[in-house]
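There are two complexes below, and they share chain A, which is joined by chain B in the first and by chain C in the second.
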Partner chain A sequence: MPRTYSKAENRTYVLYTIPTLLLYGLLFIFPLILGVYYSMTDWNGISQAQNFIGLENYRNLFSDKRVVNSLVFSFKYAVSLVLIVNFLAIALGLMMDSKIKFQNTFRSLYFFPAIISLVVVGLVFDQIFYHVFPRFGEFFDIEIFKTNMLGNRDTVFWAVLFVSIWRETAVPTVLILAGLQTVPVEYIEAAVLDGASYVTRLRKIIFPFLVPVLSMNLVLTVKSGIMVFDVIKAMTGGGPGMTTESIGILIYKKGFQEYQFGMASSLSFLLLAIIAVISFVQIYALKKKEVGQL
Partner chain B sequence: MRTQNSLYRIAIYAVLITGVLIILFPLYITLITSLKTPQESARSFFALPGTLYLDNFASVVTKAHYFTYFLNSIIVTVVSLTCEMIVVPLFAYAVSRNSNKKYYRIIYLLTIFGIFVPFQAVMLPTIKLLSRTNLLSITGLILMYVTYTFKKGAFLFVGFLQSVPRELEESAYMDGCTITQSYRRIVFPLLQPMIATMIVIDGLWIWNDFLLPLLVLNKNSMQWTLQLFQFQFKNQYSFDFNLAFASFLLSMLPMIILYIFMQRFIISGITRGAVKG
Partner chain C sequence: MRKIPVLLCLFLMLASGLWAAGTAEDSGTVTIEFFQQKREVVDLFDELIADFEAKNPGIKVEQVHVADSGQVLMSRLASNDVPDLLTHWPNNTDYITASLEGYFLDLTDSPVAENAIQNIIESITLENGKNYCVPVSINTQGIFYNKALFEEYGLEIPKTWDEFVALCREIKGMGKLPLIFPDGTAWTLSQQLRMLLALDLDGYSLIRDVKAGKADARDNQDLRAMAEKLLFLRQFGQKNSLGTSYEQATFEFATGKSFMFWQGIWAIPSINKANPDLSYSMFPLPAKAGRETRVEYGVDLGLVIGNKKDAAKVEAAKKFVSYITSTEVAQRYADVDGSPSAIQGVKFNSDISAPLVDMVQQSKSFRNIRYLYAPGGNGRADTGTQQLILDSDVDAFLAELNYIFGKPE
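This part shows the complex of A and B:
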């Protein structure tokens, strides 16, 4: 049983919490409350005039075409990102974990995209889509590469998604690889002796040990998919038209450029609700940890 | 059986190497384009440069104030991390040693709650607040980073400190140490592995972040960070892509150099942080 602290000691402890709490209160809690208020006004973000209109903005959210469009885009984007990135991460992780040479070199190279700033990744690929791929297209006579894919409504989704995949596969792959190290070698050896096929070993031994890592990767990619901002801002700015307008981009545009501060605030809270639901699912999923624990 | 096995292996190498090529492709394009003149690029985009042409880099460094932005990024990252490592462990220490008291339980819960709120959801009112308090500057940006690294940092540090036995502190108390002394001499040194992990995770985030600098520093062009400069540079020099690629390379270079020397440290830091968070 730890001792009880003296008055002076208690004061020291309280003092220790003050600097962070001050920052947290002023720059996080206060703006959050402010945001709730703004979301119930018709403020444009600049003028003196602002009227309290209750839940009007929230009611209007789903009748706003651009809001619905951004929700559909972000969900479609997140689902595609989750499926492709996690498939790649599992496949690459398993391949790197098999008995191959240069395992560490591969790991370092595959992790590399994670250290490059998302916005720079976007800017580099923006130039590549503009200048490089069309030359590819001309040379090999591939129709879809011939024009800038970012300027075409039919291809822009996949072009932007490709860039996100390029950047976001790195961390999940390395995490899968780390997770695979928790699978006891004896289990695998015993299964091999019993004549279990590779697929059976995957299903019965390896995947159960990967459950914590997999659920982590899932949440990681869902969140970065729903909140995609940097690459889109760097490459398309939401266009052409509103084809790549994600929730984050729309909040930014409505709030800072289109004088719909109140409306954008209510959209912010919708985003918050979506992320909160995902986070709770994460906690629930992680509680059901199976055999493997890192 | 043998031949089937080696066939598998060849297939694995083929897939892995294809992946590596896809990863390195943009880097290759960036490197060769930044070393070419526009005429050379026009002739062939993919060929290696004929001569070592360094004027693009010279332009970025001299005309575009590269070093100013580089220095701004260094200041923002280093000062934010230093402040974080001073105030966040102190908070976590106080909370972990008083977890039976109401005050600490409430403030800790409040902090955990913040983890679920992404910055995008509160960016509008936060920026309005910063603008009204004249904090749309590097100072304001650093305060934002300390606030946002605090949320997850507190969670990780408290978790870590709860597993550190108190006996050492108790015996230090017997020897006449105050709370502050035992924190500085006993607890803080024990935190080193955790601090290293946090420096990797938060350092990578702060250095590479774009959204916060865009919102906080946009109107203040001498205070731009490297990432924001990149974005603005795109609009200024869209006609000269050799110059653009040279600036991309210069902004990636600090991280690439750091990664070459510390890859194990960086990878294990990210892995540990992700697993715990």
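This part shows the complex of A and C:
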């Protein structure tokens, strides 16, 4: 039975929410509405006046091959990132959870990439791809490493993805490690006594306990995959040409470089819609699993 | 009753914060933000600012230099946050768009600009007859060449396009690298585009015609030949040129990896920094057969004052502009930067760019064509030209040029 509040208490609580509500409205709701408005104008970003053009920008989105290109890139990128990062995080988490030598050293090592500033990551990998990989490729005679992977349309996707994976695996791994601590030791011991193999233990005991963490990891990686901006900005700027233009990069370029602020706003609402649909499906699907298994 | 002391504390904190913000300006020191977009002279400006502040105790100048300054500036203008003072390129459509929208202080016939060479001011005056920029130096672009390597192999400076191609072939035949292209940095590509647009064809009339709906870039054979030339030249560059950035290419040329480097004279401070002992000079890129070889010129460092209500800041910014454009300081700037000055009475002391600067002074030159692009055309030109190098799709590139030139839909 939930506690009931007196009127006076209620009023106090409502009053307490007002500052937050005001701030939320000012910093979130108001810009959102403004964004909707801009997406229906031909505003170039700096002019004092703009014309209302209705849904023109939205109509133009799908006939623009750069937009289609960026959608394809972002999806391809997100799917690869989600699959690889989550697989690696589980593998690394399980490995680091077992009793191996230098366990703590490994844990810090694998977390290291997450704490380096992105600008540094971009600059360092820029040099690695320019100086280190080509030498490696020449030495071992591996064709794809022979030139700068960032400047080659066939390899740039994998180069950027590689850096993202390097950077983004850390946090999910830590979460998996934390999740593994919630698996009751008694269950494992009992299973061992009953002669269950490692794979059976993984499937029947460990994974069911990991479901909440896995779903969290999935949400995190899908989000960072679809909305990817920073790694690409730091490494290729969307180039060469438009090969690595993700939706985020294209919004930025159209808004702040090509004076199509209205168009950029409409593109960001398209991104919002995509994220909303994916999140809805994700939350709905994973909620079912959790209830059934825990 | 316990609420009152808490509220009082909050009020005092708020009030003291506001008071502190209010008095920072009243104490006699005016701080102006100098949004400086030219990366090659950040260190030089730090020195000049220190000198200026010593001479003007009431003024502090804070130099701000960021990566992607163009986009940062655009986003600041979008939220009406114009810097007190900035550098800009008056041939850039971004500058023209912002000037026409009233973000910059009108400097037409202003005494602040009186030291600048009048012809140069005229060349950047907008079509509405107004000028918002004080030019400090001008730039041009051409081919850097490694003098020591040219002497060692007995190579001659080419006078015609055919000689230039023959030279490239000769160097390549020796197993050496004729040119290094910084194609990984997109803006270096739109520079080559704009240079050829004026050198190999009458780009000025063409862009105006496209803008007026009287021409289509896709049908123009000269444009097609120009795009093919950009691609043709890549065979004389390093393998996978898109993997080399401006900084890397500058370093490679400075350390003798390539014989030549197509770049603007703004690269001189960086080349000198990478290798102070390099013996190098420049020659103009020869035009195609049948056209006169000329060089591009444009304002390289232009000072622009934000159009602000705060009179003290505007005055301080004007003072700083007057200081930079004084003959003595402009001379110091020119000597370090290696660029010809836009200020009267400044001597040109750089041997490296002298062959090109002579041509500018003899009027064998054309104005940087990009002032004619559509708003936002600069950014599209960067990406579009890089895409051309990437996929060699000339047709798609010509369609993109329609957009860059502002063809009505």
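The definition used in the following text is that the second predicted complex is superposed on the first by the 248 of 294 C-alpha atoms of A that agree within 3 Å, B and C clash if a C-alpha of one lies under 4 Å from a C-alpha of the other, contacts with A are read in each partner's own complex, and residues count from 1 in each chain.
Criterion: a contact is a pair of C-beta atoms (placed from the backbone, for glycine too) under 8 Å apart; a residue touches a chain by one contact, two chains touch by 3 or more.
Not measured: the values here are computed from a predicted model.
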item: Joint occupancy of chain A by chain B and chain C, clash or fit; value: clash
item: Touched partner set for A:G54, first chain B, second chain C, both or neither; value: neither
item: Touching partner for A:A276 - first (chain B), second (chain C), both, neither; value: first
item: Partner chain in contact with A:G195 - chain B first, chain C second, else both or neither; value: neither
item: Which superposed partner A:L150 touches (first chain B, second chain C, both, neither); value: second
item: Which superposed partner A:N44 touches (first chain B, second chain C, both, neither); value: second
item: Which superposed partner A:Y24 touches (first chain B, second chain C, both, neither); value: first
item: Partner chain in contact with A:F112 - chain B first, chain C second, else both or neither; value: first
item: Partner chain in contact with A:G237 - chain B first, chain C second, else both or neither; value: second
item: Partner contacting more residues of chain A (chain B vs chain C); value: B
item: Chain B versus chain C as contact partner of A:F261, first or second or both or neither; value: both
item: Selected from 26-34, 62-70 or 170-178: the stretch of chain C that, after superposition, runs into chain B; value: 62-70
item: Chain B/chain C common contact set on chain A; value: 45, 126, 130, 252, 255-256, 261
item: Residues of chain A defined as touching chain B within the complex; value: 2-3, 5, 9, 12-14, 16-17, 19-21, 23-24, 27-32, 34-35, 38, 45, 91-92, 95-96, 98-100, 106-121, 123-128, 130-132, 135, 166, 171, 174-175, 178, 212-213, 216, 220, 223, 227, 229-230, 233-234, 247-248, 251-252, 255-256, 261, 264-265, 268-269, 271-272, 275-276, 279, 294
item: Contact set on chain B toward chain A in their complex; value: 9, 12-13, 15-16, 19-20, 22-24, 26, 29-30, 41, 45-46, 87-88, 90-91, 93-95, 97-98, 103-104, 107, 110-111, 114-118, 120-129, 143-144, 146-148, 150-151, 154, 166, 170, 173, 178-180, 204, 207-211, 214-215, 227, 230-231, 234, 241, 244-245, 248, 251-252, 255-256, 258-259, 263, 266-267, 270-271, 274-275
item: Of all residues in chain A, those that touch chain C in their complex; value: 44-48, 126, 129-130, 146-153, 237-243, 252-253, 255-261
item: Residues of chain C defined as touching chain A within the complex; value: 70-72, 74-75, 77-78, 94, 97-98, 101-103, 183-184, 186, 239-245, 248, 375-376, 378-380, 383, 386-391
